[in-house]
Each structure stands twice: as structure tokens, then as C-alpha cells.
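Okay, so chain A shows up in both of these, paired with chain B first and chain C after.
So, the complex of A and B:
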């Protein structure tokens, strides 16, 4: 009976999760001709080819910069906003309401919007360019494109972090804060010495979720905003897997990349689940 | 909260107002640029005040692409995924919590493993499955030699094939399995006192009856919270619709908007129409957030996404 009830979900998981994942692992050890039959077992050759390829390391570097930059920025902004909202000022409900609106904007939609905003001739940066010509041109300058990407992705992650931090701050007992206030600690001191340490596990949890999102869900943003360019400067792993596989039709190489990325996700999910089981009372 | 500090209050307001500009400033700019003519954008740069042309631009977008159809597709796919996810998660959690069975760890770890396999890392083989749903079955039959056995015994060759590309089931089926949703319901069912199921058993209700008449009504808030999050994140999805649809009439609105971008031929896009198309893509989920705020926040914390 229980197996019968769970069967529909298990079938879907098998068809769309396990089978494709197995297929990716299988492809990564074979030389596959795109979407046709016939493949040769080549052992670790695909992996060696990738690990010997310059573009893998530049992609890895771009991924690390993108992830670290956007996650740190998103955590910082959300923490600042949650801390201010928690001061019980008038009108905080209105702020709390609007701060989560960006969650509605899809990465791909944001990419299209930003394409316009970062335009060196039309967008807000046109002012900068009219003063110092050529200072801002993300279509030519890789680090400027990366900067735009980091800000954009942080923008999409702030609402989630904000909600988590506001909930986390509400778990801090008022007594602690009142006692500290009587001892003469001001609001800023209370934030750094009491609230921040107590919500640190939540910040860690949010950060891990952000990193997984940056690894996977950044695809829409990259595809509409930079397409990995200019010159591969924003060609992060998730985009490289897609473009090597679907555009370059290199199934073996793309699959080997997928497997490498799966390993990263395994580590990250282990971290996340460690937190879940401790904090949220999920037993294994 | 405890004392009066005018300086700190002023500073906090300044931060909050900056945060407000950060959060909805870009949305405001999109609205402004969607309501002026392209000429004005090209000569004056980005619009800082709303213009008179919003309705005209929205109509122009509707003339260029079948925006009604795209909105319908998005609504359809998001609703299917919400229904599918809620149904599968609650039923699976019910099976795990209320039945003693040796398969419990199997079900649990199978679902847990899905967390390790985001769509983005298995995109190409998942596309292969969607293009022929029976491909796994065929491969298993072939590799075990069962197909020649069946062919020789029954005299027929099994060549089933089902293409899900450009269909609503193809757009939604791969997205409806949910480990986090199942864990959410599992955790909720565990807080329900066992006396309830014992009483139902005593009154002669079978497990299915208990699930439908007692558990489902109790789970209303969980359904609302999870449903809101799933609806919004499916609406925002870009990669899977991009891969699985090739026909224009199956595109979702987020995908349709992205294709409004000119391709690399050096065309100068009509920015005002592009911004108007972006409005179509993010206004509907924004309305959901505004109306369902309570459930949205609850779901966001519960599901972690």
C-alpha cells in the first residue's frame, strides 16, 4: 500500500531524475555522437580533455567570482534591511511588503530589463559615459559585464534572504534585548552582540541556498543578459554545460561537466541538510 | 524598540528608503520606459517619468506576439505543476508517515537524491527523455535482451514511443516531483496527534477516507503556502520551456519575452516594446505575491526556495 501510494512520484523521479542522471554519467565516459546511435567507451578521456582545457578553468573562475560576489552582496543587503525593519519603526509593514516584490521577477525577465539599463548609450550609465567616454561598456569589458551580473543576481536573491532574516530575528527573545538595554547596550551593539550571533545559523542556511541557486538558477539571467560573453568572461558552468551540449553538440564533454557540477551540488546539499536536520527538526 | 534614538531612527529610515529604491526602483523604471515612444528613449535615454503610451505599447506587443496565448500557457503550466506537486507530495508524505513498511527508507532516500540533481545539470538527458518518454524502458529491454525474448515469444516488437516536446505534459511533468514539498507535508503530518488516526480507525474509516476527510482539510494552510511558492517559481522558469518548446504557440510568457530580444544581427531593439513585454512577464506573479503575502512568506521559509 505505501509503495503504491508513493509510486507515481517515484516513477516521475526515475524517469526525469535518475535516468537522465545515469545517462549523463554514462555519456561522460563515452564518446557520443550528437543525438544519434553509436558511442565508444573512452574511460576518463572526456574528463581529462576538460581538465586540460583552458576554458574550463576560466569558467570555474567566473563561477566562483559570480557566486561569491552575488551571495555576499545578497546576504549583506538583506541583513541590513531586516535589521532596520526589526527596529519597529512606523511604516515598517509597507517596507516589508515592497522588499519582497522583486521575487516575482524571473531571472530571464531581469536579464532583458538589464540589457536596457546597462546599455552604455541609453541607460542610466550614459551619464557616466558622457563625462568619461568609454568608461562603462559591459558589451566589451568582461569585468563590467560580471559586475552587472553579480548585482542582478543579488537583487533576485535579496527577497528570500530578507524573509529568512526577518523570521530569524523574531526568534531572538525580547528578554535578552531588554536585559542588554538595561545594561546600557545601544541598538547597534545589541545587533552585533546578541541578534547577529543568534541568527548566524539562518544566515548560513540562506547562504547555502543562495549558492545552489547561483550554481543553477542563474541560467536565465546569463542567457538573456550576456550569453557568457564578452569573450567568455561570464561563461559560468551552468551556461557552459548548456552551450557545449545544445549549441556545441559536445554531449560527452557537456556530460562530464554535468557530473563535476553534480559533485559540487552533493557537497552543498549535504551542508544544507545538515542544517535542516539540526535546526528544522527533520530527522533522517 | 526600547529607547528613543532619533539619530538611529533617521539612519534606519535612510537605509529603508534606499532599500525601497533598490527593490522597486528597477520595476518603476521599466514601467516608465514601457510607457513612452521608442524615439523618446533613443533621443533622451532612459525615461524617469511615466509617459502616455503604456496602453499603446502593450497593444503593440500583443500585435507582434500572441501574448494571450503565452499568458495562457504560463498559467496552464504553473497550475498543472502546482496541482501535481501538491498531490504527489501530500500522498507520498501520507504513505511515509502513516504506514509501517520496509520501503520507507527507500522512498525517503529516493526523494532526497532528487535534491542532488537540479534540472540544470541533467538538462540534455532530460530533454532526451521528454522527446521519447519510453526511451528508458526500451534501453532496459534491449540491454537485458528481454526485447528479443518477447519478440520471439509473442512475435511482436515493442517499439513504444511518446514525444512530450511542445506539450503541456512535457512542460509540467518533469517539474512535479518535489522532495522539499514531500518533506514539508511529512513534517506537518508528524505533528498531528496519533489519536486522530486511531479515532478515525475506530469509526471505521479506511486510510483513503482518513486522508481525504481528515488530513486534507487540516493541510489547507500548507497547500496554500507551498502552492503559492510553486506557482511563482514555475511561472519564472526559463530553462525548461526554452529546451522543451520549439513551436511558438507553446512558449510561456517569460520565454516569449526573451525572444523579443533581437538576435545577433545588429538590429536595434524597440526598447519600449521590450519593457512592455517584461511587464507581462512579471506583473502576474507580483499580483500573486501582493495578494497571498502571508502564504508566500510562510511557504518561502518552509520550502527554502
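So, the complex of A and C:
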């Protein structure tokens, strides 16, 4: 009976996760012809080729920069906003709604809007160029394109983090804050000494979710905003997997790459849990 | 007697309602939206209206890339359409796929007599086997032409349209001196900058007749005319004669020319529709420049062709053959060309377009010039390429060139690295298709 109840969910997980994952692993050890009329077993050759290819390392580097940058930024901004809302400001309920809304915006839609925003000739950023010609040039300058991508992705993650942090801050007992206030601690001091340590597990949770999102769900944004360019500067792994596999029809190489990315996520998550979860035994 | 009448009536009703066993309907996937999609839909409607027996259902799964992906997925699932429009760079994959019913065979098997020599040579050679048999039907064929804003050129004192790259640079210089901020524009597409430039000069991209001799080819473009051309490109960029499409108001080279921001652009003949729609009246069209003192060859085709997928009934293929016959008719090709700027694929249709009373229809200049450009005699290097993982190779080229544009490496280094990375792709493709033979 329990199995029967779980079956629909199990079936979905099997169809949309285990089956494709298994397929990817199988393909990654073969050279696959796109139309499926033959494949050759090549062992670990696909992996060795990727590990010996500098474009993989530049893609990995871009992924790390993008993930670290956008996750830190998303957590920082969300924490700041949540902290502000937590203060007894007039209209905090309205602000709370405003900050949650952007979560409903799809990555691809945001990318299309931001494409206009970062346009060096037309958009709001063009003002920079009218002050200093050639300063803002994201279609040529890889760092600027990456910066735009980091801001864009952080923007999509802030609402989620914000919800988490607002909820987390509400779990902090009022007595502690009141006691601290009586002792003369101001709001900033109270935030850093009481609230922040107590919500650290929530921040950790948000960070893990953000990292996984940055690895996997940033695709729509990259596709609409930079297409991995210029010069491969924003060609993060998930986009490389797409362009190699779906546009380039290199199914084996793309599969091997996605297995590597899957392993990265597993290792990253395991490491984070290992290092952080033990030290955060807050009221469990 | 009554009974006989009844039976006769019943039988006649039966024969009326039971459909003709040979009649068939089939799916045709195309890869366009907007005006081109409308033009294709009207071809489909025209076919369905032209006869009673067969029906074609035309749908678009998306862009060229998406159509290719979905065709592969559909084929692997056994749900492939009978006819699919695949872009030029998918040719080699389709040829080696073993999933395709060659067009020349299809027409022969269904008793359709086609004079294949009537097809424009550049389009025919691009999609044909080494024996010269067409594997897919050239459909929406386009090539590169030079668009010039004649009023701006005249105002800047440029007397004639540039014929050579020296003329081109001089004209751009005069435009710049006359205050034109964007003399020429480009989105640095390898289809134009690498494949077309090498074809029109008759210079090799790769050994073995650009891969037509077999899968063992190796890239050699980095030593030839392409290196000279890319050095010119770098100079034009630094002098402000050539502007990045991304740095224009629309971010699109065709639109940047169409809205008058830029005075010259090298673009596909099929860009003409957009340019006309934008209302520009001073647009002139001519052959793309070549280097002084060299022989001009034909430019190669772009766009897409129609592939027939295996795995359907004979009746379906009969319907497909009828549809292809319909598409081949000059009046249908001309109607399609007028709506889209694509070039007619048969010489008969091309001649009809150029010589008949509707020859000087305004807005068809790009078709005239494109047809002329593809009809010039060529050599083995202007016949179309057979290089594996071509979409990925184009991506590599773009990536390395962008790094050179950003000043992170020299243009020579960019080309050499593209060659090395491209050769790796070719070897991998060769390995993937080990034992397969090019048709």
C-alpha cells in the first residue's frame, strides 16, 4: 500500500531523473551518432578528452565565478532587505509583497528585458558610455558580460532568499532581542550578534539551493542574455552542455560533461553538509 | 429488382466514401516564423488546393536548430515527419544518418521525371552526393550579397559600388570622412566571413575538397585568404570603418542597415524582405567584393533544403513526390521568391523571373544578384562543404575571433587555435562515424 501511494511520484522521478541520468552515463562512455544508427564504446575517452581540453577549464572557471558571485550577492541583498523589513518600518507588509513578486519572473523573460538594459547604445547603461565612451561594452568585454549575468541571476534568487530570511527572522525569540535592547544594543548590533547567528542554518539552506540553481537553472538567462559570449567568457557548464549537445549534436561529449556537472553538484552538496551542518545544531 | 437497385446504391455509396487507397497525407516540418512562414503556408495551401488526393500538413517546430533537434528526437522515437526542412550545416549529419530517403531516388521510384541539371549549380552541388545525385531538395536558397545605401555613398563622393576589398575600404573611409558613424556593419558570422569569402575566392577551408573526399579532412583555412581577410577586418575595426552589430541601436546588422544607421552590409539575399519592409528606398544590391587580381567564383548556398525521412508507407512517398513536383514549378518558386527574397532553385524559374514581363519587379534585385552570384563558375572549394560538427566549429571560430576582437589574443593566434580545435572536432566526428561512407 505505501508503495502504491508513492508510485506516481516514484514514476515521475524515475522518468525525469533516473532514466535521463542513466542515459547520460551510458552515452558518456560511447560515441553516439545523433540519429541513433550506431554507437561505439570508447570507455573513459570522452572524459579524458574533456579533462584535457582547456575550454572545459575556462567553462568551469566561468561557472565558479558566476556561482560564487551571484549566490553571495543574492544572499547579501536578501539579508539586507529582510533585515530592513524586520525593523519596525511603516508599510513593512507592503514592502514584503513587493520583494516577493520578482520571483514569478521567468529567467528567460528577465534575460530579454536585461538585454535592453545592458545594451551599450540604447539602454540605461548607455548613459555610462555617454560619460566615458567605450567604458561599458559587454559584447566585447567578458568581465562586463559576466557582471551583467551575475546581477541578473542574483536578482532572480533574491525573492526566494528573502522569503526564507523573513521567515527565519520571525523564529528568533523576541525575548532575546528585547533583552539586548535593554542592555543598550542598537539594531545593527542586535542583528549581527543575535539574529545573524540564529538564522545561519537558514542562510546555509538558501545558499545550497542557490548554488544548485546557479548550476542548473541559469540556462534561460544565459541563452537570452549572452549566449555564452563574448569569447566564451560566460559559457558556463550548463550552457556548454546545451550548445555542445543540442546545437552541436555532440551527444557523447555533452553527456560526459553533464555527468561531470552532476558529480560536481553531489560533491559540493556533500561537502557543504559535512562542514556546516554539524556546527549548526541550533535548537534541534 | 428493388434489391439490385439497393445493392447497386449501397456499392456506389461505398466507393464514394472509402477513400482512394493511394491518397495520403503527410507532415512537413519547416523552421520559420513571420513572413517566411506565411509564404511556406501558402505553398502548402496551394498544393492542397491543386489536387484532391494528397494532403500536406505544414507545421513549424521552431528555429533551424530546434527543428534539427526535434527531428532527431522524433526519428529516434519512430515518429518522424515525412518531410523536414533542415539548415545547410546539418547536411553532413543527415547524409550519414541512414535515416533519409534520398530525393533523387524518391522521385525516380515514384515515376517523376526530374531534370536535376536544371537546379542552380551552387544549390545542387551543396546537397548532392559525389556522383552528383541530389540527396535533399534545395528549397529556400539564399547567398550573400552586398547591400549599399546609394544615397549615402553618393553624398560621400563614392562614385561606384565597391567591386574589390580595396574599393570597399576606400568607400568606407570616404563615408567615415563624410561623418558617417557606421560606414559598414557586421555581426561576424562565420557563414559569411569564413565560408562565403573562401568560396567566392575559390580557396580551401579544409583538405580533400573541403571534406567531400572523405571524413579524414583537416582544416587549412588559417593559412590562406581567410587570414588576409581577417587582418583586413581587424584594421577596418580599429579605423572605425566596420562597426559591431552589437554596438548599433538595434543590435542587428540587417536592421542597422535598414534603418539607415549603417551605409553598407554584407548579408543574405533573404534579408531583403526585412530591408524593404523597413521602408529604405536607397538600398542597392550587388555582388560581394573580391580581392583585386583574383578570379571570382560562385558564392555558396545558405538557407535549407527538404529531407525525406525513412520509415513511411509507399503511398506517403507518392504524396511527397507530388508535393516536390509542385514546389518545383516555376510559378510557385517565383511566388515564394517574391515573398521572401530567397532565390529560385531551378534555372528555368530563375530565367522566368529575370526575363519575363515581371522581370523588373521592384524589390527583387537581391534575387537577381544572388542568382548571378551562385551561377558563376566555381571550383572544388565552392561546391559546398562536408565537415563534421560544423555547428560546433562555427561556435569555436566565433569564440576565438571574439577573443581577438577584445584584444586578448592576436588574430593569427585566434585562427591557429580555431584550426587546432576544429581538427579535434573533425577527428572525433570521423571516430563517431567510423566505417560510414560519404554518399
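By our rule, the second predicted complex is superposed on the first by the 267 of 284 C-alpha atoms of A that agree within 3 Å, B and C clash if a C-alpha of one lies under 4 Å from a C-alpha of the other, contacts with A are read in each partner's own complex, and residues count from 1 in each chain.
Please note the rule applied: a residue touches a chain if its C-beta (ideal position, glycine included) is under 8 Å from a C-beta of that chain, and two chains touch if they have at least 3 such contacts.
Please read these numbers as outputs of a predicted model, since none were measured by experiment.
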**OP:** Classify the contacts of A:10 with the two partner chains as first (chain B alone), second (chain C alone), both, or neither.
**Re:** first
Original post:
When the two structures are overlaid on chain A, which partner does A:97 contact: first (chain B), second (chain C), both, or neither?
Top reply: first
Original post:
Where does A:250 make contact in the superposed view: on chain B (first), on chain C (second), on both, or on neither?
Top reply: second
**OP:** Have a look at where A:44 lands relative to chain B and chain C in the superposition and call it first, second, both or neither.
**Re:** neither
Original post:
Hey, is it chain B or chain C that touches more of chain A?
Top reply: B
**OP:** Name the contact category of A:32: first (chain B only), second (chain C only), both, or neither.
**Re:** second
Subject >> Contacts of A:231 with chain B and chain C, given as first, second, both or neither >> reply: second
Subject >> Touched partner set for A:122, first chain B, second chain C, both or neither >> reply: both
Original post:
Where does A:140 make contact in the superposed view: on chain B (first), on chain C (second), on both, or on neither?
Top reply: second
**OP:** Share the list of chain A residues that count as touching for chain B in one structure and for chain C in the other.
**Re:** 35, 121-122, 246
Original post:
How about chain A: which of its residues touch chain C in the complex?
Top reply: 31-38, 40, 42, 49, 53, 55, 119-122, 137, 139-142, 228-232, 235, 243-244, 246-250, 252-253
Subject >> chain C - residues contacting chain A, complex >> reply: 65, 68-69, 72, 75-76, 93, 96-99, 244, 246-249, 251, 389, 391-392, 395, 398-400, 402-403, 405-406, 408, 421, 424, 428, 431-434, 436
Subject >> Residue numbers on chain B that touch chain A, as the complex places them >> reply: 1-3, 5, 8-9, 12-13, 15-16, 19-20, 22-24, 26-27, 29-30, 33, 41-42, 45-46, 88-89, 91-92, 94-96, 99, 101, 103-104, 107, 110-126, 128-130, 133, 136, 173-174, 176-177, 182-183, 187, 207, 232, 235-239, 242-243, 254-255, 257-258, 260-261, 271, 274-275, 277-278, 281-283, 285-286, 288-290, 293, 296-297, 300-301, 304-305
**OP:** Would you pull the chain A residues touching chain B in the complex into a rising list?
**Re:** 1-3, 5-6, 8-10, 12-21, 23-24, 27, 35, 77, 80-81, 84-85, 87-89, 92, 95, 97-113, 115-117, 121-124, 126, 155, 158-160, 163-164, 167, 177-178, 181, 186-188, 205, 209, 212-213, 215-217, 219-220, 223-224, 238, 241-242, 245-246, 251, 254-255, 258, 261-262, 265-266, 269, 272-273, 276, 280-282
